[in-house]
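To start, the structure itself, in structure tokens.
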Amino acid sequence: MNWAIGLVMFVGAVGLSVIGIAGMLMSNHLFRMVLALAVAEAGANLLLILAGYRWDAAAPILLPGHSTQAMVDPVPQAMVLTAIVIGVGVQALALSLVIRVRQHYATLDMRVARQRMQDALDQAAGVVPPRSQEGPAGERPLPAPTRTIEAGGPHD
Amino acid sequence: MRNIATLLLLGGLSFLLLVITGGLLFGNPPMLIGQGIQQAAPTEVGAANIVTAVVLGYRGLDTLGELSILFAAATAGGLVLGSTRGRSGRPGGFILRTGVDLLFPLMLVAGLYVVMHGHLTPGGGFQGGVILAAAFFLPLLARPQESLDHTWLSVIEALAGSAFIALGLAALFEGRAFLTPLFDHGVLGALVSSGSLPLLYLAVGLKVGAELASLLVRLSADDEGAS
Amino acid sequence: MTDVTLAVVLPLLGAFLLPLTAHRGLHWLGMLLGPALLALAALLLFATWTAFESPYAIALGGFAPPLGITFYVDLLGLLFALAVPLTSLLLWPGGSDEAAIRQQSLTLLLAAALTGMALSGDLFNLYVFYELAAVASYGLAASSATGPAFVAAFRFLLISALGSVVTLLGIALIYFKTGTLNLAHLATLSERLADPQGLAAFAMLLIGFGVKAELFPVNAWVPEVYAATGKRVAALLAGLASKLAVLAVVRILLLVFPHDEARQLLLLLGTLGVLSGELAAWQARDVTRMLAWSSIGQLGVVLVAFSLPGKAGLIAGVTVAMHHLVVKSALFLLADRWGGAVDRLKGAATASPLGAALFVLFALSLLGLPPLPGFWSKYLVLSGLAEAGSGMQHLALGVILLGTVIEGGYLLRIITRLYAAPERDIVPPAHRFPNLFASGLLALLLVAGAILIDPLWQGLNTLAASATDTQVYVQTVLGGKGITR
Amino acid sequence: MIWIAVMLVVLTLAAALAVLLLENLLAAVAAASVVSLGVAVMFVILQAPDVAMTEAVVGAGLSGLILALALRRLGQATLDIDANEAEHDA
């Protein structure tokens, strides 16, 4: 029956990765994108652990007495330890950036923030933004923000 | 419309991933290096917890890289959020403050215990480091006016990271490769065993703790006037 | 004490210790520490380069290769590793206030990570170093602390983090099928990955490592970040960091996925990158974003070159990559004061004749004017594509030629403005001396490359011969020969 | 045993969907912590106690704390749905 457990978890790992990645791609809310990233990472970590799972084996810790027992692969576990800690560091940095974006542009909507960034960059460079054109190739064309943009400037 | 697109994307992605990963060897991995490590680790490293042997021994450089990533994230966070000014908010009630005061030494001991037994039982520098960071951060939640001394945090940060590198360099000076475990292995399963691994985990624990504590303090600080 | 691991470890140590110099009047030490350590790392790598006889592996931690992490030292890795401390020194952010010290710390971390990527012989270790480089670059991208910089850095972080998750999935897939992470060990098992699943794993790794290599579908962050951040940071990311990401992809391609399908995929994405990058650069109306999009196009050429099989492909790829490193870093340095609208540049040549002359030199080399190294690099790619001769390659050849024409168009647009008469006596600002000095040094390097073409050709041949020989790599790492300690 | 695994996976996937779909951000953070906890339990079942401990401490504990602190600084740490802005596409 242990074999089936691995299969069920595998479905879970794929599901978590897909939900996370799709969330990152579909959402326009800065904070929710960070949350979706955490979900996607959990899925990837689970898949990595599954890559070293043996259904007939014990945890990779030597206990005095029974040292001959088969053990699951310790290498993916070490990799996932590394990946989890990396993930939390990146998450903290992402949230710092979200806080700053919110302070500067008073929004948590990626499309609004991006539009304001483009305008600011165009202004700093001294070119009038080409309103009529779509974004350059290789970029997701972005629909016009539906929400009315409140007056610029910091919110709080 | 948008929901339909989302559903299509979700379905397409999961179908793709399931097709890609279908037919993999489940529950019976090839374990080419895993098998070798399991056989060699008790004699080569001497840690009862083989994951620790991998994290600090076989893949010690990854761990150094990981510490550096946390450090980079904290440094970049400092660059983004600037120096902390202060924290406002009412101090917590009597029960909260007393509870935190009681909890602090307990969490300190628990964190250090988890760090120091990483080579024997599940746990180690990362988990213990997080507990240590929480131990130092919780009092700040109870007493918002007080602040953690940033100088000390950055000194611990710098010295713990350097200690990890210094332990690696010591092997280099002895004519062995970088990060080769030092000292005797000792008795498998004893507290003082597996050479320099407990020292490495202590450095990891302090570094992770200091790094995360400074990140938490920075995120909980008030905005010093929107710029 | 000439172990190349020190070239990775010393900058890391410096980055850890640097924040301490912010307190208690140690500013002079802080100013010296970073450059001194980078110079030391460069010296060390140079000494290894001159004493180099045959490739060898270093078993880190003293664990026999397939089990532990190995560093693999060959001419290809050393060349890219040597470029890291030298370029970082050239683009070193000065200053001694708190923000500057943090930025220097991040630069040291970036240098350590990129050197590690050049030397590492382990798949997951490559990922860890790549992630370190990525996190350091998020910080550097936000270092100018303006609103646009924060948005651009956040988007960069999200795209890169998405790539990281996909890379992790790819590594999990490879581990499922092979049970190992060592590149040499994977090379012996490469038939196990010669199926659709293996190709999918390669595509996943490509998406992950491609974010910093400005690969086609995941490069939307490039123009925003380069426009919103300091030009020295842009030069560091476009010139240096992208090349090391490319090197990681090339190592994986050569050793783990020596299959035609993988090469075709790289060729396809590279060609699309050339097309989209150059077209977008044509539409750009300010110098910074023009250079950013053009850098995407150039990196497309680099990837196309590396997708060519055998020695010819590697030589072409290394030449284009190194040429782009020198030229793009210099152009971004010159764009520090000239980053605005192209039309604002009228009369810039009178204000800064040397700067304008250097700009013209680099632009012409980028285009591929005959005596300059740019010509040879492009010639190698094009002749390689013509020889390889299938339909895809001919298409890529046409696209690269078309890209060169477009490139000529927009670079000429800048050059004509530089030498036009100033309008209403508004003269564009002259360059700051450090930037002019650094780009002058890079110009000397470029000219030296044009003069020393013969010895360079010889060197490249030996480099490529050993780098494309998978057998040597496997024998060196797994055969127990040449392993230090 | 197999039913425990199935229920665990279903619960975790539901929590992951909740992370994306819940209007309230603080509730979404809580759902993310539930995902982490679920994954941590899966790690225990998969014989990875070290990783399970880390995921529980880091993913469910620390990460939740960081997210909640950031949410407080963003001024959205409230269970009042009206306080959420820019959520027109969830």
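By letter and in written order, the chains are A, B, C and D; residue numbering begins at 1 in each of them.
We take it that contacts are C-beta pairs under 8 Å (C-beta built on N, C-alpha and C of every residue); 3 or more make two chains touch, one makes a residue touch a chain.
Bear in mind that the values here come from a model prediction, so they are computed numbers and not experimental data.
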{"item": "Between subunit A and subunit D, centroid-to-centroid distance (C-alpha), Å", "value": "13"}
{"item": "Chain centre separation (subunit A, subunit C; CA means) in Å", "value": "25"}
{"item": "Between subunit D and subunit B, distance of the C-alpha-averaged centres to the nearest whole Å", "value": "20"}
{"item": "Multi-chain contact residues (two or more partners), subunit B", "value": "2, 17, 21, 29, 31, 33-34, 37, 49, 51, 58-59, 62, 65-66, 69, 72-73, 76, 80, 122, 126, 212, 215, 219, 223, 227"}
{"item": "For subunit D, residues that touch 2 or more chains besides their own", "value": "49-51, 54, 58, 62, 66, 70, 73, 89"}
{"item": "Numbers and ranges of subunit A residues touching at least 2 other chains", "value": "2, 6, 15, 17, 19-22, 25, 45, 47, 50-53, 59-61, 71, 73, 75, 77, 79, 81-82, 84-86, 88-90, 92-93, 95-100, 104, 156"}
{"item": "Category of the chain touch graph - line, ring, star, complete, other", "value": "other"}
{"item": "Pairs of chains satisfying the touch condition", "value": "A-B, A-C, A-D, B-C, B-D"}
{"item": "Residue ranges of subunit C in contact with subunit A within the complex", "value": "124, 128, 131, 135, 138-139, 142, 146-148, 150-155, 157-158, 161-162, 164-166, 168-169, 171-172, 175-176, 179, 181, 216-217, 219-220, 223-224, 227-228, 275-277, 279-280, 283-286, 288-289, 293, 296, 339-341, 343-344"}
{"item": "Footprint of subunit A on subunit B - complex, ascending", "value": "2, 5-6, 9-10, 13-14, 17-18, 21, 26-29, 31, 33-34, 37-38, 41-42, 48-51, 53-55, 58-59, 62-63, 65-66, 69-70, 72-74, 76-77, 80-81, 121-122, 126, 188-189, 208, 211-212, 215, 218-219, 223, 226-227"}
{"item": "For the subunit B and subunit D complex, residues of the former touching the latter", "value": "2, 49, 51-52, 122-124, 126-127, 130-131, 133-134, 212, 215-216, 219-220, 223"}
{"item": "Touching residues on subunit C, where the partner in the complex is subunit B", "value": "1, 3, 5-6, 9, 12-13, 15-17, 19-20, 22-23, 58-63, 66-69, 98-99, 102-103, 105-106, 109, 112-113, 116, 124-125, 128-129, 131-132, 135-136, 138-140, 142-143, 145, 150, 153, 169, 173, 175-182, 185, 189, 196-197, 200, 484-485"}
{"item": "Contact footprint of subunit C on subunit A as seen in their complex", "value": "17, 20-21, 24-25, 30, 33, 37, 40-41, 43-45, 47-48, 50-52, 73, 75-76, 79, 82-83, 86, 89-90, 93-94, 97-98, 100-101, 104-105, 110, 113-114, 116-118, 120-122, 124-127, 130, 133, 136-140"}
